[in-house]
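Labels for the chains are A, B, C and D, by order of writing; each one numbers its residues from 1.
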Amino acid sequence: MSGENRRERVVSVTEAVTLVKDGAVVGLSGFSYQNPPMALVREIIRRRVRDLTIVSGPTSGIETDLLIGAGCVRRVITAGVAFEKVIPIAPAFRRAAESGAIDIWECDECIWHLALKAAAWGMPHILWRGGVATSLPELNRDLQEVEVDGMRYLKVPPVQPDIVFLHVAEADVFGNLRMAREAYLGRSFAERALALACRGPVVASCERIVPNDEVVEHPERTFVRGALVVELPNGSHPGGTSGRSIPDLDHYREYTAAGEAARKGEPGRYQAYLERYVYGPDNHDDYLKVVGGARLESLRMSVA
Amino acid sequence: MSGENRRERVVSVTEAVTLVKDGAVVGLSGFSYQNPPMALVREIIRRRVRDLTIVSGPTSGIETDLLIGAGCVRRVITAGVAFEKVIPIAPAFRRAAESGAIDIWECDECIWHLALKAAAWGMPHILWRGGVATSLPELNRDLQEVEVDGMRYLKVPPVQPDIVFLHVAEADVFGNLRMAREAYLGRSFAERALALACRGPVVASCERIVPNDEVVEHPERTFVRGALVVELPNGSHPGGTSGRSIPDLDHYREYTAAGEAARKGEPGRYQAYLERYVYGPDNHDDYLKVVGGARLESLRMSVA
Amino acid sequence: MSAPGDVERLLACVIARELRDTDIVAFGLHAELLLAAALLAQRLHAPNLVLRHGLREERGAEIGPAAWTDNARSRTHELIEYVEEHDVILDVASLSPMRFCDVFLVGGMQIDREGSVNLIGIKGKDGRLAVRGPGSIGTTSIATLARRPILFSPDHTPRRFVERVDYVSVPGWKRRAAAGLEGGPILCVTPLAVMDFADGAMRLRSVHGHTTLDEVRRRTGFPLAPDGPVPVTPPPTKSESDAIEIVDPFGRLAGLGFRADGGDQ
Amino acid sequence: MSAPGDVERLLACVIARELRDTDIVAFGLHAELLLAAALLAQRLHAPNLVLRHGLREERGAEIGPAAWTDNARSRTHELIEYVEEHDVILDVASLSPMRFCDVFLVGGMQIDREGSVNLIGIKGKDGRLAVRGPGSIGTTSIATLARRPILFSPDHTPRRFVERVDYVSVPGWKRRAAAGLEGGPILCVTPLAVMDFADGAMRLRSVHGHTTLDEVRRRTGFPLAPDGPVPVTPPPTKSESDAIEIVDPFGRLAGLGFRADGGDQ
């Protein structure tokens, strides 16, 4: 039996994004350049959602910076927002941080993971040695040092997203998500940590919907189940999709130039970027036309 | 380069077992019938080590019961000791528990895992909702209930083995351990939890030593690294090795009959079992001869 | 009287009727009864019900001890589609859609009036542990954090059903409420009857056709509401019986050894 | 003066000389310098040194940003033998033989006399954050729990080397001691000099041949012991140079952009 009556969990971009309310705590996949749910992020911006708290990373990228630049964000929970070799600090993040426009929960990758685990495991806090004797307690009212049996620890509170958006290589119609075989990550993923900590729906855009049989054949590759699924090829552009496509560094440079101009008091270029790539296109297909098929082709990884 | 001068970590059974001192906290692999490091356990018994604290399981099997029956154990940290369908409570464990000969840290599988994680992650305790409102605090002086923000939690202390013994399907000479592909377990193993919590050496017997190249080809299958390795085919007998051999249920019944007889006041049969299978054979090869090649052949799984 | 396996098949149907389309149902070792019920529910009214396996892949999701057999993957394939993911047991505390489970089957040496279960041991006259039980195994945390645990017993005797358990491995309704735990046991099934809970106390819902109300009361160590008559447990329907044939092709339910007579007292 | 890449290659050798056969060395993004040093050490005197990768497999263990390139697996193969396992970052707290690491490379906006590092930002006159830094990324916990972190800077200026950092991302010796943390930074390398620590304070160990002691002191925002003369940093030996050819086939070290002149002040 292949679950004749089993409910399929495929949704439209609109259905998916309508689930985000102003002020929500939103978890986003995206480690550095890889797997940001950009198509969904751009649709969130088009809907002009406001006051979001973004939980992304552990070290975030353009998915978070674009939302900040578009004015959708009030607070970020991340160990950093950067574009690797392109620029060590993402422009909108830096600008908002320096102007005080957003609150930043100052954490590192371990603390970020533990805060999500505390939520997933129903713990009121987790005591952690990493980060003691640093400025983190000075910067976070809710990340204080405590002493237990003469040892000092950071008291890490739970962080619980209301909704999570991911981009993955493959999913089946029942919401089983998996990485490309070529990009197997080992035993812990930010994506899984976000999904397990989430109190609400988990939505994933994927490069390709695969038959359930394929998923069943390799259960060890499924890392999140029961998600809502949207098939959005190139849905991570300009980011890469692990094992499927590499990031579009030229696009990152274009975005960064616009962002840096805005940071230095010349908002026009950043607005132009938003018009061209976010507000201009009605949907993801239009966006991909603006980017261009040849460009996208050049980013595809050869799949073994 | 294939690490010309890299130190190989292959040791003899004697070298491995000599590392165990009286009173040590010893972690043992073995979930129910699967992967108990029996060849190493029998050698520990031959050396008449005493007063061990055994951390095994999360639900343990014959590796723990045999050590108890042979008088090597003072305390066990496990969620239970059982032989599945053969008998719901292992005989030596039951006898020692009822006579008070051993101390039992009364925990379940989640608490067992969390206690090891607390040790691996350097935490003074972990707060956990599972097990509140039960008798666990009444039975464990160091597993008490605390109230935080009006919610009750068990305060789970760290459990840190001094040494860990595992049995695995494959290892390379550099101490990289991996399960059989046919038995991939997903993202968390008792074996890994024990190894990460251990303050001392991790020793693994394996069915077969494989070339390092094979290990490198599939990094995702390596679940413990840097272990000391002993090649001991059928080293889990009478237990099974996941993906390689099935448990010898006839042997479990023979052992259980002897153990139940002892429990009911007839120690002779259990002594006879120890003489025949543990003290009689000088080493693992002799043990395998006593068991018989035909029997071992009948337990082998066909490997895809 | 009843034929071998009749009681087990009846109870599988009784439990299946309680399972919801949105449930995640988790299994430990020897959960054949719940596994059968979940597979039944998937076929009859809960196609989206999810089976979660705490165990190793080789065990698979079929009914019976496939874990340690060479052909483990042979039969499991058809059913393993519901266990695409290898679960991490600690996720039992998660409230996310990826939470470990909602329903878990719990047996024990003793079960008391409020639904507390004892797997640890029986106390002697001196108040010390006299008979050792299996221990907390995978049950305590999972059954504590699952919102809707289901209790069962392979027999029905005053030794099993006591006013108050000697040790608590899984808390019943009052203890859970006191600790701020959500939910509690929704059902307790035995070879003689089906019980549920009202105001934190066990009560009779139905008595199986092959026994009597008096027999059930006589074999229960505490009074069971209601005082009046109790309906007979509805036997398997045609579609339930057909589905059982499919999910239990080897007739393994019959091998569970439930005591249709209620067992020795 | 020095040719492009000379400084980076020198520092790779300086760090390699500090690494031990028993070390586990962990990498974040852009750890080309430490990666080169670790690969050198493996070839020269530490064949058992273990490289640990917090990153995704596709990055591999070669020098350079292979993570996001299509041919990620092309060159990595030869070196990946040291990264058989995909690591879980939280294991950084483990003391077991499977611990995450002993050595980690740390850079920052500011580095102070006791070896505290600041990645968070620079304060303005009003005491509020004026210039935002990269943040704590993967560094804070790993460098706090690693026993022997190594500090580096691509330049050597009074702006970088300050008496006291504005924010602490990684604690130096005194702060660590006060918090009961084991170990502390063992080395700090720059394009001009090599510093180590005595009694919790940074001191000069050697000055590179292409610059002068005065230049180094002038470009350091706090006094550096010893007062007397300091040896010249020993240049790469023949065997070190040969090994560099092997571990850095693409000459990526030269691309790290270290400022041989110490950088703009």
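To be clear about the criterion, a residue touches a chain if its C-beta (ideal position, glycine included) is under 8 Å from a C-beta of that chain, and two chains touch if they have at least 3 such contacts.
Being a predicted model, the structure only gives us computed values, none of them experimental.
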item	value
Between A-D and B-D, the pair joined by more C-beta contacts	A-D
Interchain centroid distance [CA atoms averaged], chain A/chain C, Å	41
Where chain B and chain C are represented by their mean Cα positions, the distance between them in whole Å	29
Residues within chain A bordering two or more other chains	121-123, 128-129, 151, 184, 186-188, 219-220
Residues of chain C touching at least two other chains	57, 85-86, 90, 93, 145
Topology of the chain contact graph, where touching chains are joined (line, ring, star, complete, other)	other
Touching chain combinations (by label order)	A-B, A-C, A-D, B-C, B-D
Of all residues in chain B, those that touch chain A in their complex	121-129, 148-149, 151, 153, 184, 186-188, 219-220, 223
Chain B residues within the chain D interface of the complex	1-7, 120-123, 176, 195-202, 212, 215-216, 219-220, 222-227
Residue numbers on chain D that touch chain A, as the complex places them	29-30, 54, 56-58, 65, 67-70, 85-90, 92-93, 120-121, 128-142, 144-145, 167-171, 175-176, 178-181
Contact set on chain A toward chain D in their complex	31-34, 58-59, 78-82, 84-85, 88-89, 93-94, 97-98, 100, 104, 106-111, 113-114, 128-136, 138-139, 150-152, 182-188, 240, 242-243, 246-247, 249, 301-302
Touching residues (chain side chain D, partner chain B) in the complex	42-43, 47-48, 50, 57, 77-78, 80-81, 83-86, 90-91, 93-98, 145
